[in-house]
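Okay, so chain A shows up in both of these, paired with chain B first and chain C after.
Let's look at the complex of A and B:
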């Protein structure tokens, strides 16, 4: 979508996105200093975004789109760090694949690297707080992050091209993006559950250190209290 | 979650992917199917009379090169995930083995 946003919108989304990415870089430094054992999981989260965003899948609407993969990183490390992971992949795709674009990078980081991960993180925390299973939380977090990324893209395009009106443009773009995305979002949720559960089985200690899951013992204590 | 359920979840992902292919079986790009959603959005934008003011610095010269680069991207991700999770799996196994040996020694010394 290179050059598809008027320049002032490009600037606008860059101004919103860059501080978050910068904050994410600081957060990465902090978390890898405090929990050096979490570095491999950071690599896995980034790799997960790499894989999922390279898979252009067919959808029931008859067009293709790709999942984002940012939900995992957001649940494990929080939205700011996930936005750095998203930004890396977006730069890779913009330079090497002519996919996404450099002028639209700010807008894409905002939708895929910020809105998606923030939604994932809020949904996961909310589900945990409600006392439901972390796997359900991961599923909803990853699916909704995926879906909301594309809803954001639809909003961004409707803001830039409110022709004839914002609502009319939005109903057009939302159909193109979000409806196509629904089955892919479910697929992404399922994949994220599998990898999260596997990590939880092998290294629950790291997830406990990162405050993603509550240690079993503490859970009992909390239940008593 | 028992790892046998992984198969069920992964099978669901495969079904979600195959369903549209069978739904529109026989239809292809020429009939307007299975193009990218971003391409469709680009067309919708161009219909408003807007012309993109910047084009990519470099574009993959053909579909083959593009799919090569997408495959490389997926491969990089897959190598990293396989390496880390494989390493963890090995660690978990040796931890279990050590624990069993400790128990054996504890029993035999009784």
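Let's look at the complex of A and C:
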């Protein structure tokens, strides 16, 4: 939320997020130069993340939440590109919906656009490596990414307001987030699984092009030809 | 659930023809003043001034501004205010509840009030920018700030597709709702998942079609657009003087009210 953080923390989070986003921009440049058809695809995916984050999701506590959508983005495109898309979406949320904020943009990019996607990607790769189903991986990736986003936010808040001490403030913030966010994280995980499952059933070729699932079908086709 | 009225106002308000660079400069410098202030006085002045500009200069309907824009930050801010005044103090107690040893302390109250005021101030600045500046004009400013071209192109495409997909999402949502798709929680999850995944597949098809359309029109890797007529040079002396006077007034205010406390 705009104006929440003191100015030195705004600057600090901007400085921390910029290199990661810059790295993502270089990645995107490379990809689009190699495959020019990927530019419109990246754009529609960014728009998709924006729409996803403006959907309301019913949750166990009776409240509503907005899915962050970063988990899905990271599993599909990798953390670097997901962080750039996340940054653009956050800017649009600020100037189209007046959600979030411009001065707190650095902090938001760090928690939602960097920590979330990196966690999601690591968890997804880890689960795949352990040989478990990719749906479980998607569930864990999306819900842990959501949870870690809010843990990061709690850390950011208690660093900004370390009163009386950092740990005391942190335990206060984390309690509030634990009550409200754990059900929401599970909700986002479930929703992402449903989305992923449908895409896998209806258009598996998209996921194969993205190298998300092992292209079994393609091998069969090639064997027949 | 899916309101895009904010963008409509950005294209039809009374200040849409004011110089974009001036508006951006004005909002950013006021935001900085709002952030560096150590007392709640300046942020509250900013809130009132920005709201005045939004309602009387940009002629945004008062009802819309209050209903859509003020409810969320005020309620969120009040929650933070209460939370901070109870848990974030080590100073003298100014009000004791008598249960659980909870009390409002003067430190916590002052901090909570400062953060509340800053949130309102920052929010009103952001609302001013969001309500008076068409997004296409923002892209020109971003280009001037040397943001990489690929990011701006992506942002432009994303902006365009947000509204295309918003329409499709609303259609699907209403179709599902009329078929009782959201009447209990299990159904709601299934419907929402169907909506989102179908939307993803549709967005994908659209993306492929867009690429084919672009390629058949000689797309070489960059999208050329018309530039906005505004530039930093056409802000005008009157506006610059106003900006300097207003920010100077705020700086003086920040300096003189630095130690102001309610308790």
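Observations
Criterion: the second predicted complex is superposed on the first by the 178 of 225 C-alpha atoms of A that agree within 3 Å, B and C clash if a C-alpha of one lies under 4 Å from a C-alpha of the other, contacts with A are read in each partner's own complex, and residues count from 1 in each chain.
Here, a residue touches a chain if its C-beta (ideal position, glycine included) is under 8 Å from a C-beta of that chain, and two chains touch if they have at least 3 such contacts.
Computed from a predicted structure; not experimentally measured.
Contacts of A:135 after superposition on the shared chain: chain B is touched, whereas chain C is not.
When the two structures are aligned on the shared chain, A:51 is found in touch with chain B and with chain C. Looking at the shared chain after the overlay, A:41 reaches both chain B and chain C. With both structures placed on the common chain, the touch criterion links A:32 to chain C but leaves chain B unconnected.
In the superposed pair of complexes, A:186 makes contact with chain B only, with no contact to chain C. Residue contacts after overlaying the shared chain place A:195 against chain B and chain C alike. In the superposed pair of complexes, A:96 makes contact with chain B and with chain C alike. In the superposition on chain A, chain A positions 1-4, 6-7, 40-41, 43-44, 46-48, 50-52, 54-58, 89, 92, 94-98, 101-103, 161, 163, 172, 176, 187, 190-191, 193-195, 197-199, 202-203 are in contact with chain B in one complex as well as with chain C in the other. Within the complex formed with chain C, the residues of chain A that make contact are 1-4, 6-7, 10, 25, 28-29, 32-33, 36-37, 39-48, 50-52, 54-58, 84-85, 88-89, 91-92, 94-98, 101-103, 161, 163-164, 169, 172, 176, 187, 190-191, 193-199, 202-203, 206. On the chain C side of its complex with chain A, the touching residues are 1-2, 4, 6-7, 28, 31-32, 34-36, 43, 69, 73, 76-77, 80, 83-84, 87-90, 107-108, 111, 115, 118-123, 125-127, 129-130, 133, 135, 138, 148, 150-151, 153-155, 157-162, 164-166, 169, 185, 188-190, 192-201, 203-204, 206-208, 210-211, 214-215, 219, 221.
Touching chain A in their complex are the following residues of chain B: 1, 3, 6, 9-10, 12-13, 16-17, 19-21, 23-24, 27, 32-38, 40-42, 44-45, 48, 50, 52-60, 66, 69-71, 73-74, 76-81, 84-85, 87-89, 91-92. Per the touch definition, chain A reaches chain B in the complex via residues 1-4, 6-7, 40-41, 43-44, 46-65, 89, 92-99, 101-103, 135, 150, 153, 157, 161, 163, 172-173, 176-177, 180-181, 183-184, 186-187, 190-191, 193-195, 197-199, 201-203.
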